[in-house]
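Both of the next two complexes hold subunit A, though its partner changes from subunit B to subunit C.
Take a look at the complex of A and B:
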């Protein structure tokens, strides 16, 4: 679905954002792209969809170079940026003039999503609040039924009930043929939604792993005091939050926030543990 | 389906553009026609034999054409300077050529059709009310073979191509920046032309305008050197070349546009 090889990119030659970044994304998954502010999450997504061009390396989407922005590829790809733009027309008029560009567009699904999000279909789009506009565009993006759906910080601007509705709708929209990529810095918003986590840090992807695999290999706990078995520990008001090797083999819950903190602080024990027991799924550290 | 051009995709894109901008375009058309009517009406001299001379009509036509047309042309790809709008436009499943063509159609054929027909409508109305018994009421002879005023439209197309390029090359203040770039280009051309003429003819030459003859004094005699009339047509070809180059530049810029 997405194949990136040895990607070099930066807005300035002196300060590259990515160096030798490689990544493969397959259909049937919901990927969560995590990274610190300024790590380049949005830029990576822009490279994927052809809104930014690699300085070196290749970036292919649906088998074609993303930078070509071929209509056939764009008809099977929907990119929803963090800040959405809506033209000065009603929602119904926008759908009437835009849905035709997406051959698999599902009008019934759109009506369902809009009802779920409580967005009026006859409203003039710019008159809606930012959150409502975003919900409308999320509903449209999902209803476009494209095989590749890329969402950049989709939960920014959504209220708490809308975030839950978003997770429910996105989970229901995943099929074996689709691939969803969601970037966020609000890890908690995606915890129950994604099946594969990508962590972008230090100009490369430092983790691309199935959450099920991670749950089998790591345990996350809060203990009074960290001991020598901890791969990573950080103090909290409730004690020490630790990541340990999962010796029992019984999968538990993956604390994405703690895992993310461990990866960006480059915890050597965790890095060693994950790199010596490679996931069957894909790359790793 | 072709990845370069498809008539159905183009039609869908044109229709989307019209649906999203049509209301604004209609309002702007109304305002422009109102201003033209005001201009022409205030130019009427009721006591003259010819209340609204053709010269006045040409003045209103050309001023309106350049001001409104170039402002409109500057706006057609201007939304691409805004990241949100650019993302929406570039990610729409249509080819770069189709996206360019929709903009081009609006700034040239559609605009000229609306402007010229609107001007004639307003002009005819003003003439109708201004003319009386024994008065001469002559409508602007834009398409007359005798006056060849239609060359105004050709000149406009050349200028418009530059502003179309500017509408995508610059991120903001497209009209002002394109006009300023054009002014700088014109000054550079005049200076280069003068320097070349001085090298070729005479170091003491004054300013030599491009595409014109050179006049200088040698002893007591004045000389005027110009290209033979048979070769005069080359200026038109240069203009045509520049127009095509500006369109190609705008298309390339759209194709290479990054966010």
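Take a look at the complex of A and C:
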């Protein structure tokens, strides 16, 4: 679905954002892209959808270089930026003018999503609140029914009930043919929704791992005091929050926030543990 | 559904499905929600629900009719009870033992309280009148 090899990119030559970045995304998954502010999450997504061009290396989407922006590829991918733009027309008119670009557009699904989100279909788009505009565009993006769907910080600006509606809609929209990428720094909003976690740090992808696999390999626990078995530890009011190798064989629950903190602080023990255990997923550190 | 912090979500969903079967909400041989329907209802990844259904299928709680969907197995209640029993004895009980050891609580005290508890469960009205 997406195949990136040795990607180099930066807005200035002095400060490259990506160096030798490689990443493969498959259909049938919801990927969560995590990274610190300024790590380049949005820029990576823009490379995938043909809005930024690799300075070296390749970025292929649906088997074609993304930068070529072939109509057949653009008809099968949708990119929703963090800040949505809506023209001064009604929702119905926007759909009438735009849905035609997406051959698989599902009008019934759109009606369902808008009803779920409680967005009025007859309203003039710019007269809606920012959150309502965003929900309309999320509904449109999902209804476009493209094989590749890229959502940049979709839950930003959504209120609490809307976040639950968002998870419900996205969970029911995944099919075996589709690939969804959601970038976020609101880990808690999405941790039950994504199945594969990508961490962008230090100009490359430092983790591309199935959450089920991670749960089998790592244990996340709160203990009175961190001991030598801890691959990473963080002090908290309840005690030390630790990541340990999973010796029980029973998969637990992955604490994405703790895992993210461990990876961006470059905890050497964790890095070593993950890199020494073979996994079906690449690149894993 | 609110998820607990330290148990894999697919196992928590397996517990939820088992509960529905034990309480008779999903009777034997009835068709259960599709993977996508349940994923939407619970707001979780469909692959997670698939993993739950595969686990319950391997435990003979569910069966799969190709192209139609998942169904509750005829002996699902017994299978769920057996799995729950196993889980209690191997996972939950050792945790209780650990706490007992830590606090110096001996078995006779636990037994006395268990008998009282059983009595209250079996005779709820006389218990209230006491």
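FYI, the second predicted complex is superposed on the first by the 285 of 285 C-alpha atoms of A that agree within 3 Å, B and C clash if a C-alpha of one lies under 4 Å from a C-alpha of the other, contacts with A are read in each partner's own complex, and residues count from 1 in each chain.
Methods note: contacts are C-beta pairs under 8 Å (C-beta built on N, C-alpha and C of every residue); 3 or more make two chains touch, one makes a residue touch a chain.
As the structure is a prediction and not an experimental result, all values here were calculated from the model.
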Query = Is A:161 touching the first partner subunit B, the second partner subunit C, both, or neither of them?
reply = neither
Request  = For A:215, decide between first (touching subunit B), second (touching subunit C), both and neither.
outcome  = second
Message = Per the contact definition in the header, classify A:193: touching subunit B only (first), subunit C only (second), both, or neither.
response = second
Note = Between subunit B and subunit C, the one with more contact residues on subunit A is chain B
Message = Under the stated touch criterion, which partner chain does A:268 make contact with: subunit B (first), subunit C (second), both, or neither?
response = neither
Message = For A:171, using the defined touch cut-off, is the partner it touches subunit B, subunit C, both, or neither? Pick first, second, both or neither.
response = second
Request  = Using the touch definition from the top, say if A:29 reaches subunit B (first), subunit C (second), both or neither.
outcome  = second
Request  = Examine A:251 and indicate which partner it touches, taking first as subunit B and second as subunit C; both and neither are also allowed.
outcome  = second
Key: Residue ranges of subunit C touching subunit A (in the complex, touch as defined)   = 3-11, 36-37, 39-48, 51, 91
Task = Over in the complex, which subunit B residues touch subunit A? Could you list them?
result = 1, 3, 6, 9, 12, 15-16, 19-20, 23-24, 82-85, 87-88, 90-96, 98, 256, 258-259
Ask   = Mind pulling up the subunit A residues that touch subunit B in the complex?
value = 46, 49-53, 69-72, 74-75, 77-79, 81, 83-85, 87-89, 93, 96-98, 100-102
Ask   = What residues on subunit A touch subunit C, complex-wise?
value = 28-30, 164, 167-169, 171-172, 174, 192-195, 212, 215, 220-221, 250-253, 255
